[in-house]
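Before any comments, here is the structure.
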C-alpha cells in the first residue's frame, strides 16, 4: 500500500440531497480520488425523500452507506437510535482537511450533541424579512420591527396599490413549508414548539396569537392562492414584484438579486425577522443546516471521514462557486471570498446577522420532529383556510404532538 | 358538417392534451425569467443550454440506460407471464376464471407501502439493493396482475372455436397461445405492454427506495432537479422532455403493429 | 348398428347437457373402418355437439368414445388425431389462407417441401390458389368455407369430421368438392363423419346414414335403407324432399290382397312385403316419385293438377287425389294447372306406418 | 378431460398467493407492534392498539371519505371522457397515428413533472388557467389554495393524466370488435348513437369494467400528484388515506401505524372490489356459458 | 333487363374494388316493384358485396343506387329502409334471441304489445320459440341462422336482402321457411333480393334470376329462361345439377333438317328453333333430363350404363353414349350398372352454343 494513500482502494457509498452543493462536490470528486485513492459512489436523491431512504437503510443495518447528508433536526433522533457516530476521534486522527475554526460557528454548533461532534455542515442558511425598498419609500413605510408593523405595512401596500400588489407573501402550503416560516412568528411572539420538560407547547396563548396574526395577515393582505404557496411560488411572486414583503430563507436573496430571473434586482431591502415581544424563548430567525454524517454501520469510517472533511473544507466550497454557486456555504473563508461578495453582497450582511441570531431550535429537534412539524403545518393550514380558529387548530396539533412525544 | 364537427372536437382535444406538454417543452427551451413571465412569453429564442446541462450529466445518461433495461425487462416479463396466465384462465370454466380473476385484481390493490418495507429488508439481507434484478422483480410482481386482468379481457374476445380448431389441428396449448392468441390479441398485448412500460418507466416511489446508485432510474434521477433550494425548471423540463421522447416513439412504433379487426372473418355466426 | 369389420370409431351411451338442457341423450354408434357416415337430423338436434365430443372439444357427461380400438374418452384432442371442418369455419384470422391450410402440417412437423406441395394441391382442388396470400377477412363466405375444408383435407388423420362443409358453396363447386371428398375417401379409406342437410350429398357420399332427432339416434342404415325403408315416421318424413305424404287409414287383407282404406272412399291395393299391422290404424307413406302419370292400360286414378312448380329439370306438381293434396314429381311441362290427369301409385314402393307408435310396418321388399 | 391449461395459471397464482399471504402475515405482525424507524430496538408488541387508534382517528376517517369521493369521481370522469375520445378517434382520418401517439402524452409524462406542471398551470397568479380565465373575464380561482376547490383541481390533473389509459385500452378493444353486428344494427334502423349504445358498448362492456376497476384501484392509491401538488393541504382538504399512510411512514416514521392504515385501506378496497366485481360480472344465466 | 312496372330498385354501373381487386365491375339491374330477385353465381363472384352495397354498408366506387325512385347512393343505411339477413348472421351477442328479433322494431319505436306479438309470430314460424331467452352463443348453427332470418322477417322494409339465408337449415325446415318467405312475398309484395346456391330455392322463389360471374351480370331472366334458354355457356353450365353436358361438333342443315355431327360418328337431328350458327363449330348442350329411356317404337341410341348413383328419389346414371360419358336422371332402380339400354335425346329441348363466343345460338321454342 502506498504510504501517502493509506485508504487507496476503499469504496465509499455516499447519499446526498439534490442541491447545488452536491453538484459541486460531484464535479470535484475526481480530485478527491486522485488525492486519496478512495473511490466514491455518490447517490443523489431529492431532499424530501432522503430521510425515508436513509432510515430504511439504517434500520436494515446493512451498512450500505458510509456517509449521508441530512438536516440537523434529525441529529437527536439519529444519535439516540445509534445510527450515526461521533466524529471527534476521527477528527483528531485525521485532521488534514478539517478546519474547525473555518466553519460558521452557528452552523457547526448545531451538529454538536452533548459536547460531541456528529456532523460537518455542508450548507446552511437562516431566514430574514425581505421588503421592497422602492414601495416602502413610495408609501412612506419603514422596515417593520414587529409583526404588528408587518401587518400594518402589508395593509398599506395592498391598499395603496389598489390591490395590485400583495402586502406580503409567505409560504402557506401545509407541512414543512408553512411551518418553516410560521416558526419565526411563533418564536417572535414568545412561543416555542416544545417545553423544557418535553411537552408540546403549541397550546400556549403565544402560539395562538402568532398563528392568528400569521393567518390574518396572509388572508387579508396576501396573494390569491397563498394557502398552497411553497418556497417556489412565494419566491417567484416576490421576485416578479407582485408583493411588498416576504419572509423566507436567506438563499432567496440570491434569487432576488439575479437579473436573469428577477425583476426586483436592487429594489429589495433585507432585515432580520421581526419579533413581537422581548420575552423570547428563542430567536425568530432560523438556523437551517444540512450536514454530513458517518453511519454507525460503515466499515470504513476513516475513509468516510476523509471524504466528509474534504467535501466540507473551504477549498472545495470556494471552488464550488465556479461550478454551482449558492449562498449556503458554511465556510467563513468562502463567505468572505470575493466571489461571494460579488454575487450576494446585496444581502450578505443581513444574512450574516440572521445567522448570528439564528435559532438552532427554530424547528423542533426531537426524535419526533417530523411529526410535530406535520401536525403544526396542518394547524397553520387550517387557520389560514379559516376552517378552524388559530386556537382550536393549535389545540388539536398540541394534542397530537403530545401523543407523538410520548410514543 | 359532421366532418367539421369532428375536426373541431379533435382540435380541442389535442389542445387540452398538448398544452401542458407545450409548456414543458417550451420551459425547457426558455431561460428562467421567461418561464414564469405573466402574461406568458409566446415568442422566445430557444436555448439549448438546459439540454446541454442534462445531457452532460453522466448520472442522467446512466439512469436512462437503467430505466430502459428495467422497464423493458420488467414489462416483457409482466406481459409474457401475464399473457400465459390469462390464457390459462380464459380456458377455464367461468367460475374458476372469475374466482382467479378476482384474486389477481385484488393483488393490485395493496399500496406500495405494504410491500416496499418488507421487500427492502429482504433485499438488504440478500445484498441485492444495488441490483437490477430486485427492482425488475418487484416491478414484474406489481405489473403481472395488471397484465393478467387486461389480457383476460382481450383473450376473451377471441372466439372459442379458434382454440378448438387449433387443438384439432394438433397444436399444443402453448402453441395455440403463441400462434393464435398472441397474434390475434396483438392490439391488446401492445396496449398492455405500453402501459406496463409506462408504469415502470415513470414509477418513482419503489424506485426511490429500492434502487441504488447503479440502478437509479430516471424518475428518481430527475428529482435531483428538485432541490431544497427550488426546482431547476429549465433542466428539469429538458430532462422531462428527454424522458418522454423514447416513450412516444415506442408508442408510435408498437401501435403501428395493431391492425383493426384482427379477428374478423375467422368464424361464421 | 353395424358391428362387423374392424371398428374405427365407437360411441357408446354418449350423454351431454348444457346446464339443464340435455343435448345428447345416449348416442350409440359403431363405425367400421373406412366407413363414410353421414349424420342427418333437424337443426339443433345435436350433430355438431356430437362431432365436438368425438374430437374431444367438449367433455361429455357420460359414455365412451373409442377411436381405432383405443378408449379416448379422456384423451386430449391433439392425441385423438382427427381432422375437422367446423360449421363456423374457425379460421385463424392472423394467418393467410396458405398458412391456415399449412397449420396442421406445421403442427406435425411436416417438412417445408412436402407442406408446400400439399397446400398447393389442396388449394388447386378447392380452387383457392389465387387466394393463398389473403387473410380470411378478405374472403367471401364460400371462400372461407373452402379454406376450412382445405385445412382438414390436407391432413391424414384417423377420422375426418365434416360439419356441413359445403353449405355455402355454389352447386357446381359443391358437386366437384363432393366428388373430391368421395375420391379421397375411396383412396385413403379413412373413416369420415359428415354432417349435411343436403340430401343428395347424404345419399351419394354415405356408406351409412345416421338419422338423429333431439339428441337420439332414430335410424342407422345404408342410404337405400334410410330412404326406402325408413324405420319410423320421423325418418320417413325427414328424409326426402318434397317430403313423403302420409295418409291415415286402415289396413285390411282381402283375398290375400293388402288393402288400404282411407275411410273417405279411397281403397288402394298395396303390393308390400311385411305389413304386420293389418286391422289397426295406419299411415300410408307415399313419396312424390311414387305418383306417376299412368301409361296407357295401367289402372289409373284421376287427379286434378292444383299447382305446378318448376324446379328446372322437373316440376313439382300438387295433385288433388281422392281429396288428398299430394305432390308428385313430373317431367317439366308435362302437365298444366287445372288439368285432370290419370296417375298411378307405385304400390310396391309405398310405406306403411303404425299410426300409434310411428314405427314402419311395411314397405317394398328388400332388394 | 385432461387439460394442460391449468399449468398456465396455477403456478403463478399459487406463487402470488403465497407471496401475498406471507406478506400479509408479516405486515399484520408489524402492525401489532409499535415500530418506528427512529426507535430501533425499542419496539414492543402492542396488540390491536394501532387498529383502535385508527378507529378513533378523525383525520383518517375524513381521509377515507375523501378517498372515496376522489376515486368515484376520477374513475367515472375518466371512463366517460376516455370512452368519448376513443369513439371520436375510432375512424380513419389523416394523421391518425400521430394523434394516437399524442394522446399518450399525459401517461408518458413523468408523474413528478405532471404534478409540477399542473401546479404551475393552476398557480393563481402566474398560472395559465387563471390567465385563460382572465381572458374571458373570469376568475381568478384559487385552484389549490381553497380547501373547497383543491380536491377538484387534483381531480382535473388526474383526469388529464389518466384518461389516456382508458383511451388506449378502449381503442384496443374497439379495434378487435367485429363489424357485422354494427352493420346489422344500421340495417335494422339504428342511429349511430343507438348502434353505440346497443351494440358497441355492450361489446366493450367487459373491457370497460376491467379498466374501471383498475382505474378505481389506482385512484385509491393515487400518490404522485397529491404529493407534488398539495401534500394533503390546504387544511388537510386533499389528504387521502393512502397519502396519510405515506405521511405516517415517511414523515412520521411511524411504520406500524402507517402499515395499519395501509392494511385497513387494502381490506376496504378489497371488499369494495369484490362487491363491484360481483355486481359487474353477475353470474350468467343457465345455459349461457 | 326488366324495365316495365314501377321500379323499386335500380342499380346502375355499380363498381367496387377492394384495393386493387375489382369485385363488382359495373352491375346494372333494374327491379320492378314486388319482384323476387334471386342472385346466383359462383362463390366469390360478388353477391354479398352487392347486397352490402345496396344496404349502404360499403361505399361503392362508382354507380347509382335508387330505392323506390330515390337516389340513395350516398344515403346512410338507416334511411334506406332495407332488411338484411347476413351471410355471417351478425347476431347481437349481448342480446337474447327475442331481443335480437325485436331489435329492428325497437329501433322503429314499435309499441311493446305489437312488438311482442310480432316476435312471437316470427319465432313460431321459424320454430325457435323455446330459444327466445337464450343468447346466440348457446345456439346451434341452424338456430343462429333462423334468428338472423327472424330479424329480417319481423320488419316491413322497402327491400329485403337475403344472403344465403337457408344454407344451414335441414331440408324440412328449409322447405317450410322457403314457403313462408314466398307467402310473405306474395302477401306484402315487397321487393326481395335473395342470394342462394340452392337451385330449387332459386327456381321456386324467383320472379327473376340474376346470374353473376366475376363481378359481372351474365343473364337476367325468369327461372324458366335461365334454365331452359341460358344466354351463354357460363349460365348453362352453372345452372342445373348434375350439370349440362357439352358436346363439341358441327352443325349443318340437310333437307331443312338441323343436323349435329360430333365428328366421331354421332349425327343427331335436332328440333330446335333459331340455330343461327349453321356451319360453324358449336357445342351441343344436353341436360341429364334430356336423356330418357326410349319407349317402344321411339328411335333409340344404345347406351351403356357405366355407373349408377342413387339420390333417393331417382338415380343419376352415367351413360356411355357414342363414346361420350353423359349423366342422365332415371327412376330409381330402373337400370343397373353394365346394362345396355336404349335411350332417346329430347332433341327439342337441347341447346346449342357458339363454340367461339360461348353465346347461345339455339334452343327450344319459347313456350
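First chain written, first letter: the chains are A, B, C, D and E, and each begins at residue 1.
Simple rule for what comes next: a residue touches a chain if its C-beta (ideal position, glycine included) is under 8 Å from a C-beta of that chain, and two chains touch if they have at least 3 such contacts.
The chain list, named the UniProt way, goes like this: B = Carbohydrate ABC transporter membrane protein 2, CUT1 family; C, E = Carbohydrate ABC transporter ATP-binding protein, CUT1 family; D = Carbohydrate ABC transporter membrane protein 1, CUT1 family.
Bear in mind that the values here come from a model prediction, so they are computed numbers and not experimental data.
Steps from chain A to chain E, taking the shortest chain of touch contacts, total 2. Taking the definition of touch as given, a chain qualifies here only if it contacts chain A and chain D alike; those chains are B. Farthest from chain E in terms of Cα centroid separation is A.
The distance from the centre of chain D to the centre of chain E, with each centre set as the mean of the Cα atoms, comes to 59 Å. For the pair chain A and chain C, the distance between C-alpha centroids works out to 93 Å. If each chain is reduced to the centroid of its CA atoms, chain C and chain E end up 23 Å from each other. With centres set at the average Cα position, the gap from chain B to chain D is 15 Å.
Residues of chain E in contact with two or more other chains: 87-89, 91, 138, 141, 145.
Taken residue by residue, chain B touches two or more other chains at 36, 38, 117, 172, 223, 226, 231, 261-264, 268-269, whereas all remaining positions touch fewer.
For chain D, the set of residues that touch two or more other chains comprises 3-4, 125-126, 178, 249, 287, 289.
Within the complex, the chain B residues that touch chain E are 268-269. Taken together, the chain E residues at the contact with chain B in this complex read 87-89, 91, 136, 141, 144-145. Across the complex, chain A meets chain D through its residues 49, 51-52, 55-56, 58-59, 77, 80-83, 172-175, 177, 223-229, 233, 236-237, 240, 242, 367-368, 370-371, 374, 377-378, 381-382, 384-385, 387-388, 404, 407.
Put simply, chain B touches chain D in their complex at residues 6, 9-10, 13-14, 16-21, 23-24, 36, 38-40, 81, 84-89, 91-94, 98, 100-115, 117-118, 141, 144-146, 149-150, 152-154, 156-157, 172-173, 177, 185, 187-188, 190-191, 194-195, 198, 201-202, 204-205, 218-219, 222-223, 226, 231, 236-237, 240, 243-244, 247-248, 251-252, 255-256, 258-264.
By the touch criterion given at the top, residues 13, 17-20, 22, 41-49, 52-53, 56-57, 60-62, 64, 231-232, 235-236, 240, 249, 251, 255, 260-263, 290, 326, 328 of chain A touch chain B in their complex.
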